[in-house]
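What follows are several structures.
Common to both upcoming complexes is subunit A, partnered first by subunit B, then by subunit C.
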Partner chain A sequence: MKHNFIDKYSNLSSPIHKINTKLKLIVFLAIAVFISLFKLENKILLIILMFLIFISQIAKIPILFLLLRMFVILPFIFLVSVSYLINKQNFSVVLNVLLKSYTVILSLLIFIQTTKFNKLINTLKNFGFPKFLLLLLSFIYRYFFVLTDEIEKLMFAVKLKQQKKVSVKIISQLLGILLLKSYNRAERINKAMLLRGWDGDL
Partner chain B sequence: MNEIIIEVKNLCYKYPDGKQALKNISFEIKEGQKVALLGANGSGKTTLLFCLVGLLDYEGTIKIFEGNVKQNAKEIRKKIGFVFENPDDQLFNLTVYDDIAFSLRQQRYKEDEIRIKVNEVLKKLNLAGYENRQPYHLSYGEKKKVCLATALVNTPQILILDEPTSNLDPASSREFKELIKNIKTTQIIATHDLQLAKEVCDSIIILNNGEIFCQGDISLVNNTEILLSARLM
Partner chain C sequence: MHIPDGFLEPKILVSTNVISFAVIILSLKKLRNVDVNRIPLMGVLASFVFVLQLFAFPVIGGTSVHLEGVVLTAVLLGPFSSSLIVFCVLLMQALLFQHGGILSLGANFLNIGIVGSFLGYFLWRLKPTKIFVSLATFASIIISAVLCCVELYFSKKIVLSVGFSAMIFSHLIVGIIESIFVYIILSFIEKLSPNILQFEKI
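Our next item is the complex of A and B:
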């Protein structure tokens, strides 16, 4: 199965990729926090957005990829916009929310796409993030693909056995099987960790 | 004569659902011996291996290096390298380097020492250059080799391999066999690959329905009657 990794473009080589991860995290996080907390005019937001698009192109991240990722937040922005319009706010306020959201998302997307996941985890560890949370994150990343493979195999099995549409009953059965499989795998991983002297540290 | 390093007496194990998985298993393994643990699917091979490293709560006695596994499991495990059947169960770190370094980090080795040991084992298994690769991106054969590296980096005195050649293509299987053949340490290899047993091991233990069906010299692998009775042919 072809997987869509969250750090899909982190293996590319560009000046942005080469920047120290700690510095990158601070800069992109600072941009996101600054835009979220402070009142900024649409013109300034547009300039920042353009600047980030320029950065993304230096980092060789395809613009279409970024646009598709940014579309994910559209429904939420739509809801916020409707509530603003109902409260008789003018269109520039709605545009401001839209620009702010897209700028924040874009800055975080650039950071994630130019940083390998293991480096991100190590940097967060250096910044004192809780070990448990980081461990959980790395396991989600590591086993997400294994889980999607399992789902795909189960779906193939269903398709081969059943000609009709997949019913809710079958989906619930599949989820049950997936839960059992995940539980068994978790037990085996735990055994592997114990055998290698696991003491709760990363 | 080499001394006995693994001593198993009257080992019994029941699954949580009450089904008897292992019945009165007794055997001894000497230092440097390479033992093939043969048996059909569901005969109890993996369960026996998990008992040997103290991961399951068994009845009976298992002594490794004269230490009782039940009481000294943590210490004994440091001397054992274990390779799982499915590499996705064993490789849980984000890079090959981190996976191999995992057990050394758990033992609080310094990063410089870790780097030397990891590079050494990578070179030995023809994995140089794989350090920063993500285990998920590797082929099945490469994953298996990384699993072996995670076990060998500790220079174990006993190496346990669970179905080392299962799911491997002929070329990878051959390469893997060559690698384990050249490892001089005591080995227990659970498999139903008779060719692997013949090429690598010097003695066998055959399990059937959780019991020892027969044990002895590797030449027993040529006994068709025994193999048929143990559902290995």
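Our next item is the complex of A and C:
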């Protein structure tokens, strides 16, 4: 099974990886708040962006990976630019939105890709993030890999058993199977956790 | 549509985050004395929704569409549990895939989580049939698209006509596909193991 690890660069070692997670979280949040709340000129944003790219290279994150994440915001950029074309306004406003959005994404990427997930959860716990939500977050992270494995197996089985194109009905039945499997898995996990003395604490 | 950071004005950011914060606190209060057995179930279901949202398939025009699964969780576990699950899923998506921003998490949670969970659940309570769940799914997707447009409009980023025509059109397709999916998944579950529809709805 091929695992598509979601934070695959967090296992590397670099000066950025070694910085205290608390400090990194605070710096990231400060950058995000600063960029979202204040009106900034394109020049200043470009300087911040260059600085972040420099930091990402110290952290050994490939630049192509960083650029590919820009696709997430492109539909919104498209909407905004069409709107500005209709109003015949200055295009630098669109550029400003693009730069703002991408700078936040870049800083988040540097933070997430240099931090191990359990460290992040621990830091959030120290900051007083609700325990219940942290439990759900760690469940999502742990069972993401298990469930993607299961999807791969199901898709493989479908490919083996039929030659025709996969229809909506088959996909939704697969999802139904996945849901039932998740429920059964949850029951087994619950029993295992209770047996090991878990009492609802993190 | 998950709005990225940098698109919303400070006043929109603050108001949506305040609403979302209130709903999260209320949900946590409702679930404070919940049975310990319920937590693994919610965790694995959250992971299921997370994987479901990654399961993108192409539609006409080169864009891809993914299911939300919000109304499904609301019907299976109740509105407050579902809203917490969706909050965690959105947070994980923002952290790991940059689908939606960190500061705009409040807006995204309002659009997707709160509307889907509460509207879906109460429509379903009105008449607990599969058709109604499908209708609720469709309605919640359209309403979330409208809300997304309105938020972007009040941030002076898009012209309302452009936003509405683009977003509503694409979400009509998403809504129809998702409601068919939800209908088939629910009838599948009803046939195979109807007991999982009988969990306590909180």
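Simple rule for what comes next: the second predicted complex is superposed on the first by the 198 of 202 C-alpha atoms of A that agree within 3 Å, B and C clash if a C-alpha of one lies under 4 Å from a C-alpha of the other, contacts with A are read in each partner's own complex, and residues count from 1 in each chain.
Heads up, the rule we're going with is that a residue touches a chain if its C-beta (ideal position, glycine included) is under 8 Å from a C-beta of that chain, and two chains touch if they have at least 3 such contacts.
In this text the structure is predicted, and so the values were computed from the model without any measurement.
> After aligning the two structures on subunit A, examine subunit B and subunit C and state clash or fit.
When both complexes are placed onto subunit A, subunit B and subunit C end up side by side without any clash.
> Given the touch rule stated above, what does A:Leu195 touch, subunit B (first), subunit C (second), both, or neither?
In the superposed model, A:Leu195 contacts subunit B only, not subunit C.
> Name the contact category of A:Leu40: first (subunit B only), second (subunit C only), both, or neither.
neither
> Once both structures are overlaid, what angle do subunit B and subunit C make about subunit A, taking C-alpha centres and a multiple of 10 degrees?
For this superposition the angle at subunit A equals 90 degrees.
> So, A:Ile73: does it touch subunit B (first), subunit C (second), both, or neither?
So A:Ile73 only meets subunit C here.
> Touching A:Ile121, do we find subunit B (first), subunit C (second), both, or neither?
It touches subunit B, and subunit C stays clear.
> Is A:Val158 in contact with subunit B, with subunit C, with both, or with neither (first, second, both, neither)?
A:Val158: touches no partner chain.
> Who does A:Arg185 touch here: subunit B (first), subunit C (second), both, or neither?
Touch status of A:Arg185: both partners.
> Looking at subunit A, does subunit B or subunit C touch a larger number of its residues?
Of subunit B and subunit C, C contacts more residues of subunit A.
> After lining up the shared chain so the two structures overlap, which partner does A:Phe139 touch, if you call subunit B first and subunit C second: first, second, both or neither?
Both: A:Phe139 reaches subunit B and subunit C.
> Just to confirm the value: shortest Cα separation between subunit B and subunit C in the superposed three-chain model, in whole Å.
9
> Need the overlap of the two footprints on subunit A, from subunit B and from subunit C, as residue ranges.
Residues common to the subunit A contacts of subunit C and of subunit B are 138-139, 141-143, 146, 185, 189, 193-194, 198-199, listed in rising order.
> Which bits of subunit A are touching subunit C when the two form their complex?
For this pair, the touching residues of subunit A are 6-7, 29, 32-33, 35-37, 69, 72-73, 75-76, 79-80, 82-83, 86-87, 97, 100-105, 108-109, 112, 120, 130, 132-133, 135-144, 146-148, 151, 168-169, 171-173, 175-180, 182-183, 185-187, 189-190, 193-194, 198-200.
> Quick one: which bits of subunit B touch subunit A in the complex? Just the residue numbers, please.
50, 53, 55, 74, 77-78, 80, 82, 84, 86, 88-90, 92-95, 98, 102-103, 105-107, 132, 134-136, 150
> Spell out the part of subunit C that touches subunit A in their complex, as residue ranges.
Touching subunit A: residues 1, 3-8, 10, 13, 24, 28, 31, 36-37, 39-48, 50-52, 54-55, 57, 63, 67, 84-85, 87-89, 91-92, 94-99, 101-104, 152, 157-159, 162-163, 166-167, 177, 180-181, 184-185, 188-189, 192-193, 196 of subunit C.
> Which of the residues in subunit A end up touching subunit B in this complex?
Residue list for subunit A touching subunit B: 116-118, 121, 138-139, 141-143, 145-146, 185, 188-189, 191-199, 201.
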